[in-house]
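What follows is a set of structures to go through.
In the two assemblies presented below, subunit A is common to both, partnered first by subunit B and then by subunit C.
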Partner chain A sequence: MFDLMGRNSRQGMWAMPLGVAVVIGAVLSFGTAQFATAENLWNLVTQAMPLVITAIGQMLVVLVGGLDLSVGSVISFTTAILALDAPAWVLIPAVFVLAAGIGFINGFVVTRFRVHPIIVTLSTQYIVLGVTRILRPTSGGTVPEVVIAAVSGSLWGVPFAALWGLAVIALAWVLLYRARYGLHLFAIGGGIASGQTEAARNFGLKDRRTVLLAYVACSCFAALAGVFLAGRIVSGDPNVGLLVELDSITAVALGGTQLAGGIGSLHGTVIGAFVLALLANGMNLANVSPFVQTAVKGVILMAVVGLQSRKKMGL
Partner chain B sequence: MLTRRLFCGLAALTTTTILAGRAFAVPSLVLMDGVTPNPDNTTVIEAGKFKKDGPWVIGMSHFGVNANTWTVQVSHEADFAASKEPRIAKFITLDAGFDQKKQVADIEDLIAQKVDAIIVMPVSSTSANASIEKAVAAGIPVVLHTGRIDSDAFTVEIQGGAEHFGKVMGDWLVKKVGNDGKIWVLRGLAGHPEDTNRYNGLMQAIEGTNIQIVAEEHGDWQYDKAKSLCETLFVSNPEVDGIWSSGADMTRACVDVFKSFGTAIPPISGEGNNGYFGQWLADGFDSISSEYSPAQGAAGVRAAIALLEGQELYHSYGYHPEGWDKDKAAKFYRADLSANVWWPSELSEELLQKLYAK
Partner chain C sequence: MPDRVTMTDISKRFGANAALTSVSVAFQAGSVHALMGENGAGKSTLMKILAGVHRPDQGEILLDGVKITPAAPRDALDAGISTVFQEHSLLPNLTIAENMFLGREPMRHGIDHRRMEAETAAALAELGLRLDPRRLVSTLSIAERQFVEIAHGIKGNAKVLILDEPTAALNAADVEILNRNIRRLRDKGVAIIYISHRMEEIFALCDRVTVLKDGQWIATHDTADITPDRLIALMVGRPLQDLFPPRGQTTGAEILRLTDLRLTARSRPLSLTLNRGEIVALAGLEGQGQQLLARSLIGAHLPHGGTVAINGKVIPAPSIRSMQREGLGFVPEDRKEEGLFLGLSIAQNITMGLHARARDLAPARSYKAVVARIMAAMKVKGRAGAPVASLSGGNQQKVLLGRYLAAEVQLLVIEEPTRGVDVGAKSEIYALLRDFAAKGGAVLVLSRETLELIGLSDRIYVVHDATIMAEMQADQASEHKILEAALQGGRGADV
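Take a look at the complex of A and B:
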């Protein structure tokens, strides 16, 4: 039987946030004149995209019981690099190489020295942010034209942001559901969540390598989100990624992924990210006072996560 | 030949007179006390360009409403100014929370709502540029204040001049500590353009002197963080001739630290905050207050109204007031109000009592 609530599913509990997204969308469609317009819906897709991309990367790490708090700094770092005075063909590959290096350090320290991911990635968050602020103390510089064009353009009325989304989701779908790597992620994460950390290794899986690669992939997804944001703000900015790490973890949790690992889904994460974007967009359109927006966001998030009761206690 | 020269001369004189007359005719509108046309940019927004019949919907993208008491008051000042204008049907404030990407999204949301004018307090000097250009392309006038951007796309700007703010404090401190003084520098939020520009003002003031910055820290304009910083600085390096503080809450914190150690308070800069004024008047330390009124929020609303009324405005206005001495601070200080009020304010007495009564 199709487990709509997902209480027993390895795919996590994604139906609840989807329901919330539909309800918020319906309320806004009837309550405001602007929500259901094509202009606003495309705005929504564009506004959600950096979080969608980052959250997908974050989910890979969460599936193996980890967390990556450095993604926000990687995003800021990426925009700072892209705003350097160098050709695009140098800068664009460079940001992914550097991000992969940051992810490798995270994964290596977590798997080899068994340091808690929060400590490791918090350390890299500070290091990367510090380097970013040395590179670019304040916002400025110019991002390569090709990056701006790749983000701000549209094709037959469909903004490029939507195409970015489709491409990233397709890539992640292949990685998670069509490649052996995805199967290993779920298996290793399931073992970690149930306290049997050696289980996957006993079955011959290379758990350390798989976990390390999850951190590398997570950083690369963050770099991709950074490229997208650099195209949006048309400059480098040392603070643009601040708090994205928390939003990405929230989106992952909201999408039904268990923070202890082993349970979660791509579609749940995408829905989680869109719920957050929908809340921000919806409260703007509904003219909710800025003094109460943050509280409203917190209440809705707690309600959604609270309604996702699990058969087994998990984070 | 002579006739032709005379004719050309008369034509040139007439043209000059018309242009000069046009330039002098524009700035009749006073956006705020101390706000004057920018002499380096006399571009004029022609009359009627954005004229629209009311009722109007005006949106404001605030860089961070809840950052501190000053940013909250800017929002109140804007709301109050909008509430006094019956042709404004709705005044929408969106809070970017110092998040550049949220500000981009907020401005897009205001454009989608088809507001009649947008007021932007930019989070950073570049991140909102593309959205502002998008708004102007959609025919929506954009008023910019309390932060510069690296673009000329806005319709009207009112710039407080953070360098001026920092330089007023710096010039005063140079006089106080002398050519060879040792100073601490308490900065605001790292990476924020207001912090960088105020600091640049200090650098301009001490250029050519032998003044030594013996400590430079970011207190994020917050009382608690600055208090910890000043405690540490005092213990490690108490020999200081003066303190350049980028914000009043940090000044209050540092003064409290010196008082707690029972030491004389060195000359220290401040700004127009009621709590700081109270402390200054009570303790009598040597200080100067740079002016940076939260009523810029109201000035932004007035500029938006003027554009929608079809008035001629300058493209760029400056706000470069003199520093305040203790006597001027005493005239504004209100013992019956809390430390959270900033001066000068345009809020009504009723609102001041409602929001800030002790």
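Take a look at the complex of A and C:
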């Protein structure tokens, strides 16, 4: 499992955040009565789900040395669209088409005009946020019944949220580890991280298309997180996705994915998202003020990622 | 032999520069065809056109009599044209097997890693290599990577195999393995196009040779019909009297003395002296400790014992900065990675050495006069403000040398002085080094090319097993003698 020579060593150092998650979980189990209850744990999974979904999309972009700062806006935008007065069979496909379009613009400008991903996605973040606020200046409206039902039910005691999570993880796993696409993402990212930007193309890979599709997929994952959140809050909210882009990058980095590209893993990203969810959940239970929570998040990020970079592997 | 590839009337411009002008050349099946020329002659551009990396502005390519227009590397690969590029082109975060199959992965409920690994192991075994196909390429040595690249090029039933300086990173034993495999492929009917600056290899391996100069075709000959001197003359466009300048006449005071230096915990102690006016070489098989010796000298490696004395003064704790202060300059083998700042200009690279010695907050002078003097003395082609990345290998090496000359170093340690440098620039660099020594400096040179060491230096130390086995005068040395000296001592014998 911990081979230092083979494929596993390009998964990044996901074991460390897993350890952090286990420690936080253990402390909370012993320290508080409410934590280790089925209700709270399922609640934790439900709370974590939008971040898990968004972070998985973010990771695809980070693997090729990019970043997507527009995902938070895409989430808010999605809830605003879903709260429009139109039938569900129009709205639900529409949010994914729109998100794919935003991702396409991101990817197109990054790959064709070689503009830095931060600038490109910062621009779309503003644009999409502006449009969202025009559509719905304050929270309101009602999302279709089917969306609400899809996130609030449960099956044999397992909330739908967990099933959503499993489905998304399975989809991403196939994309990343079974399909050629994932290997090509790693290959292109490895080339970028090691300064051989032409290398992947010399192998005959369609590098620009692969990178562009990563941005499209990232936006679509964000839209899915938006659909999930819309079902939870029942209405459209222009601020619900605020700063989620930073949390998603935090989760990706915590999970051992290198921002330079080429190194990282799906499981690491999921673990990273859950570390953040555990922190929030645990500190809420312990009545820690939200301001302190934010500071603790920063400390954990710097500590975990700082220790990882000392043993940068694979590249 | 039938023509496998015919390239007719190929031209290519990059901006204002004509990289190729109406070049026509044919490559035969079952033959090794050398492509020679100075850097910038257009060899790599011609091969990149054949490999689908660049598209020609005019001209046509026939493969087995059928016209092809490779618009992307994929097209050329699919047509049976494989390339081992000069730049390292493997992806470090992928395994050997993944690199071998990248872009054409076998699928069986997802990527079939088992099959990729089995076929990779077989392909490596054919080359006589025993590497685990599951290892990441980042864990391999440079020579191992080179072999994986070659295995990658050979795989997939290539009809045409382009090798762009495949031996630049290989030692003699590995070159022999490579040559054996090239001959095997040739006998199987593959058309092999071989780019190299090493004359011995061309004559040992190739059947035909084509010379390009300034983007134009100059000549194509059977190697049996041409001599090395004639070939060099064709490449540089003028007869070359002698690649190497005459040896030094006088030696001055001692500048460096190593006493009982132990490079590793287990190696036997070595001693070495170097005088002003001398060029001294470290020879031997590759990877026997020459690099480590150089690095302990410049303060980048801490030896396990012994002393380093410069101008008779023992340096208590050699560090990179303290050795710099003693007037020592180091030109590393990998000038792009360790030596030059590729994005910065020629002037900035040259003055780097001067700036490095100044205090951090001292105002940075432009040293315009110094830069102009150095560039003129070294015949660096280009504007002082041009980025170093845009220069040819020879000019890059001159800029790096220029940095140390500008800083007025006394002792120059230089690794692979002419790696990736064309013939014309090679002799200029040799002359510069000799000139540096003649003016009272001292040079310690390391190279994989033993002939270069013999021709360039005054004295040779033979390094083996992280210690010095023998010392000889260069004018009495030969490749055979050096190898003998290296191997005769052997492990454990007392000298």
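One rule holds for everything that comes next: the second predicted complex is superposed on the first by the 298 of 315 C-alpha atoms of A that agree within 3 Å, B and C clash if a C-alpha of one lies under 4 Å from a C-alpha of the other, contacts with A are read in each partner's own complex, and residues count from 1 in each chain.
The rule we apply is simple: a residue touches a chain if its C-beta (ideal position, glycine included) is under 8 Å from a C-beta of that chain, and two chains touch if they have at least 3 such contacts.
Nothing here was measured: the structure is a model prediction, and the numbers come from that model.
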{"item": "Fit-or-clash call for subunit B and subunit C when the two complexes are aligned on subunit A", "value": "fit"}
{"item": "Which superposed partner A:V174 touches (first subunit B, second subunit C, both, neither)", "value": "second"}
{"item": "Which of subunit B and subunit C A:Q293 touches, first, second, both or neither", "value": "first"}
{"item": "First (subunit B), second (subunit C), both or neither touched by A:S139", "value": "first"}
{"item": "First (subunit B), second (subunit C), both or neither touched by A:N202", "value": "second"}
{"item": "C-alpha centroid angle, subunit C to subunit B via subunit A, nearest 10°", "value": "140"}
{"item": "Smallest separation of CA atoms, subunit C relative to subunit B, angstrom", "value": "36"}
{"item": "Subunit B residues within the subunit A interface of the complex", "value": "62, 65-66, 75, 90, 92-95, 97-102, 104-106, 108-114, 124-130, 150, 190-193, 196"}
{"item": "Touching residues on subunit A, where the partner in the complex is subunit B", "value": "34, 37, 39-40, 43, 46-47, 50, 133, 137-141, 152, 229, 232-235, 237-240, 242-243, 280-281, 284-285, 287, 289-291, 293-294"}
{"item": "Complex contact set, residues of subunit A against subunit C", "value": "4-7, 9-10, 174, 177-180, 183-184, 186-187, 189-191, 193-194, 196, 198-205, 262-263, 314-315"}
{"item": "Contact set on subunit C toward subunit A in their complex", "value": "53, 72-74, 77, 83, 85, 87-95, 98-99, 102-105, 107, 109-111, 113, 132, 134-136, 138-139"}
